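Shared between the two complexes below is chain A, which pairs with chain B and chain C, respectively.
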Partner chain A sequence: MSHPVFKRQLDLRYQKKGGIPMNGALIGQLLVSGACSAFVLLLTSLGLVIIMGYMKVVNLAHTEMLMAGAFMCYYLYSVLHIPFVITLILAYVISFLFGMLIERTVICHFYGKMAETLLATYAISIIMKQLALILFGKSYKQVAYPVSAVLHIGPVYIESYKLILCLISILALVGTLVFINKTTMGRKIRSTTQNRTMTNCLGIDTRKVDTITFSHGMGLAGLAGAAIAPLSTVTYSLGESWLTNTFMNVVLGGVSSLFGTVASSFIIQESIAVISGFSNSIMGQIIVLLVVIVIIRIKPEGLFTPKGRR
Partner chain B sequence: MKILKAFKNLPVNRYIDMAILLFLLVFPFCSSTYWIYVMSGIMAYIIFALSLDLLWGYTGLMSMGHSLLFGAGGYMIGIACSYINKADWVEYEKLTWFLSPLSSEVGAFIMALLLPALISFIIGFFMFSGKIQGVFFSLITLALSGVAELFVINQSKYTHGNSGITVISRTLISDSKADRMDDFTFYFVILLFLVLAYAVCMLIVHSRVGKVLQAVRENESRLTFFGYKPSAFKMLIYTVSGAMAGLAGVLYVRTQGSVNSTAVGINLATLVLVWVAVGGRGNLTGAMVGTLVLQIAETVLNSVFSGISADFAQYWKLVLGIIILVIVFVIPKGIVGTVIDIQQKARDQKRKDAILSKEE
Partner chain C sequence: MKKLTRMIAVLLTVTMMVLAFAGCAKKGGSSDSIKIGLVFSLTGGTAITEESMYNSAVLAIDEINAAGGINGKKIEYVVKDYATDPDTAVKVVKEMILQDKVAAIVGLYTSASRVAVEPILEEYEIPLVYPTFYEGEEPNDYVIYTGCVPNQQGDYFVPYLYENVSHNFYLLGTDTTYAQGINAQAEALIKELGGKVVGNELVSSDVTEFSDIIAKIKSTCGNDGCVIYANLNGDSGTAFYTQFAAAGLSDKYTIASFIMDESFSTALGSAAANTYASVNYFNSIDSEANKAYLSAYGAKFGEAKAAAVTAVGEATYDAVYLLSKSLEKCGNDITTANIMANFAGLSFDAPQGTITVDGDNNHIYCKARIGLVQADGTIKTVFESDDVIKPEPTK
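Our next item is the complex of A and B:
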């Protein structure tokens, strides 16, 4: 990090902008905000990874569910003044129910048909987005921070809400891991993924298992959407802005282990944060996306996946 | 007599092809200038849809970001035009080295075909020579298209950001106003390109390469055991498809007289998927039918409803979403695919009856 060329570029950049003295602090700031964004990305792509990993369904409506979650947060928290924690739980529950509805009416007809699932979930995402546009209009809505303190740790600034987001994200991850690995339902989910016919023979209703897996994924998306609402302007196109990063994350991390997702969230967001410091966030995204394409050429199974991908 | 019999045995989609060609030939003689202009744009879109059908319908590679290649072609023309005509927002003196062919008109046209081909070749090289399959290809192309839209808005030095570039319309290669054709002539230029593109598609599909491509779609691992190299064929078709999408982009931009960031974005990528899905994939006719039906419907409905509600576009997209759902549920093979199936069934029944009556 202390490469002289790096430092000079940063120095030049900040001299132009009014001469903030350049030191390790900026790098530290970039790394810390990158880490926070990594947790946010982990939270936003968790539901997608679960649905994809356990059901082999690519849920293109995922990012629109984020958007819906953000709207829930706006109406429940900012308009109805329900406490933030309860808003999050409500967002999860509503999204869970919505996921159930979608799964029962649409997704369950297309298991095992890749192109049809993609098209169907794409259709759902278009419908959700346009409904949001028609119902809520084009205006931007702002959700106030539940906690607005800014922490100073040495030279580095952190918004306390971002720390809370990290906490929510870790909680969601741990909760999901416990749900999948320690509960009876989780065991059923895993056995359905491994061998559907055998699981059916044991008297487990795999259709119900599918519904719950999918709804949990959607629920997490809604929760994530509600959690990120204060960070971003709530509008109908919120989903689109998350599309690239979440799907990139899934592609890089692979789908069969959540650990891969954690690692790839960090890789993606830290590199975007650092590159953004030198140029801008869009260049960061482009460079990272290209690097991801090169990486999966070398490691086609994703970073940490033992199994082959389909 | 023989020709007549051969004609009778054609699959039904060839009749539809001929009907479409006839329709497109007659159309400009009995419609207004506005509709000729609209139809020119739709024909450029048809070429775009054909290029996706080659990729998705025949090879089974569902590209969800095909507009990236379409827009790459369009923007090459746009940048060249703004440079040559010295548009008032242009501040740079010289184009950077990799854009330098754009300083000549012919160079721009060639670049507009080569750059999309090159992009698709590079993407294809990285994805297909590894073991990236199926859905991951779709996701990466989707992400690429999303990023490309941001990139184009970001690089406003060359692309004029959100406002887009105004291009001299209704010329093919030239960038001067003097060479503009009238709508009527330009319509036939695009029609010529459409026929050429269709012929190229037919040539590819019915060659040995085309058979291998369909084998890639049906069972890739078995093809590998036969000693073929699927990745090479996938790269080939992706490159060809990319060049064709670039051509479509050029023609569309030349029709519209402008290019902006929607040309590379996810919106257009969605639209083209919908056209091909509605029409039916895996037979070139479907792509054409889908594009024609949906685009004409949009234009007509737009003119009808624009008096009632200003927000027609958002309702139309909602309807499109519902159309995809219905298509996926009811006729997953698309309109033309279903028609072909019905005809096939009828012919099988006829043959069966003939055999049975002989036995009696």
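Our next item is the complex of A and C:
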């Protein structure tokens, strides 16, 4: 936090000038920026919510998978010059396979033990981070924006890449919804979540179902990491900055609802954008965290929870 | 059987005691070597920045040893990783003092780790050479500071920007002691000059999404030019530069930052072009000493790494050389009191130019420089103070 005296002086000065100038253009800009950030947050949280919602596994390695995805983007797109779309697909596939490996060797031994999965995935996250440090070295790596045009709509601007991120985000969401709700595998996933023993009795290999679910979550994380790589530089510490927001998002949205995640992404990012526009970014984070705490107090299961018996 | 176990235990104890006493006899190395400790974050949040520091320290030690060592004695060194954590720094510094019996320590980067380690230095009376530019403090009796302090940096930066870029300043910083102090100093200076602070904002260090702040900058600054005085750390900093350039605002407003250095600029490429930096050393300085330093660095660690050598790397190189000169003056009488006393007035023809230790406060006299990042990632010096500036760490 800023020093109280320093802060007070600042507040006084803004009061004298009649506050930070606010106008329609700025509000419009903040809402548009907030919406873009919401899609980015949705994309980066999808994998987490799937693994948490369908498997009851708190995957602390999620943000490190984002980091790994970003490195894949750097090596595939910036170094090997593979087209961006193919890079994204490859990032998903590699992360999916990595997820399979992790699930088969580690996670599968810990189902039903929340605390143990926490520890196990935390250990995996540390290993991933240190491996990245050893393998990829200590330097900032940059991925150029695949498209760099800036679109102006009246006084409001949008970077074209942000629009592409929104599109990737929507595609990932729709793809996942179709996968879960319209395919046979998706039906198996849902039935395993509802009643594992019964599903087993019906001759469905729930172990295979678990592997696919976990791997899909990790795959989405890798895809998201690759997609956000151009927004910043790629380093082994990239995961850290996403930890708070992605977990807060999942908690607020409710772990068993993808629509909850969509809604909470918007609530969180639009409020942060608008509040930091009016006051400052630290105030924005504080207020949003407070609101999340209050909502969780009233609705401990998150904003959207499936109706019916639990 | 029981007897045998007991005998082994006794033997082991005796061996350990002998070893321990043997260790005591060799403070600061053996008769033909001097032992110093290096402590850097080889892992942790600031590992990227500290890589060139660690490499430079090793380079300087190798060079000194190749040239015959200190009064014929080789420098031996132990390396410890403090992982950007003050508590770990305390632990490993204690280890180096008590187990490795080092004569002096070179290293540390974060202010928090330096402050945490100072009581240990006082307790065991071991000198630390601290090679980083920092916000200034009441000099500690056991610390030599080989980086520049704000009166050798910001006092020139803000007026230069005011004269050459714009009278409007938007202050932005990571929510740390360092950035807060730097931005508060800048605000006072801007007022003195008659400039205008149009915004002042701190963000937490994990923020990598800047679209709201960029929108605010655009709205507050409008069509007037503006200096974005952005002292943002690590990943947060690179994210800001990238997104600012992507939003197409780099033509309208100019970013200026203390955090900007060659490790950033070479990675960011065009996103950092035409932004300002200020420190006492830039990689591009055209001097024989600097060329020699960088080519030796390049030969040892690779050309790409040499291009990313920063001011803290150079300050570490200077730190080891100054320490070796001080040890040389000690002759055979290497004590902490002698080492500290010998630093006063020591000069070294560093890559940045000649630097001298100020005996009054253990800081160095150095020049202030302002640089402009070029499209190829190098930082070109656009301003250099005529003479070296006296350090005023408590100003």
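To be clear about the criterion, the second predicted complex is superposed on the first by the 280 of 310 C-alpha atoms of A that agree within 3 Å, B and C clash if a C-alpha of one lies under 4 Å from a C-alpha of the other, contacts with A are read in each partner's own complex, and residues count from 1 in each chain.
Basically, contacts are C-beta pairs under 8 Å (C-beta built on N, C-alpha and C of every residue); 3 or more make two chains touch, one makes a residue touch a chain.
Bear in mind that the values here come from a model prediction, so they are computed numbers and not experimental data.
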item	value
Joint occupancy of chain A by chain B and chain C, clash or fit	clash
Touching partner for A:Q285 - first (chain B), second (chain C), both, neither	both
First (chain B), second (chain C), both or neither touched by A:F247	first
Partner chain in contact with A:S95 - chain B first, chain C second, else both or neither	neither
Chain B versus chain C as contact partner of A:S215, first or second or both or neither	neither
Touching partner for A:S257 - first (chain B), second (chain C), both, neither	neither
Which superposed partner A:T192 touches (first chain B, second chain C, both, neither)	neither
Partner chain in contact with A:N59 - chain B first, chain C second, else both or neither	neither
Touched partner set for A:G34, first chain B, second chain C, both or neither	second
Partner chain(s) touched by A:T44 [first = chain B, second = chain C, both, neither]	neither
Footprint overlap on chain A, comparing chain B with chain C	130, 133, 240, 243-244, 280, 282, 285
Contacting residues of chain A [partner chain B, same complex]	58, 106, 109-110, 114-116, 118-120, 122-127, 129-131, 133-134, 240, 243-244, 247-248, 250-251, 280, 282-283, 285-286, 289, 292-294, 296-298, 300-301, 308-310
Of all residues in chain A, those that touch chain C in their complex	1-3, 6, 10, 13, 20-21, 23, 25-26, 29-30, 33-34, 36-37, 40, 130, 133, 138-142, 144-145, 148, 150, 157, 159, 161-162, 230-233, 235, 237-238, 240-244, 272-274, 276-277, 280-282, 284-285
In the complex, chain B residues that touch chain A	62, 64, 123, 126-127, 129-136, 138-140, 142-144, 146-147, 150-151, 154, 266, 270, 273, 277, 311, 314-315, 317-318, 320-322, 324-325, 327-329, 332
Touch list for chain C against partner chain A, complex	43, 45, 47-48, 51, 175, 180, 184, 197, 199-204, 206-209, 211-216, 218-220, 234-236, 238-239, 242-243, 246-248, 263-264, 267-269, 271, 308
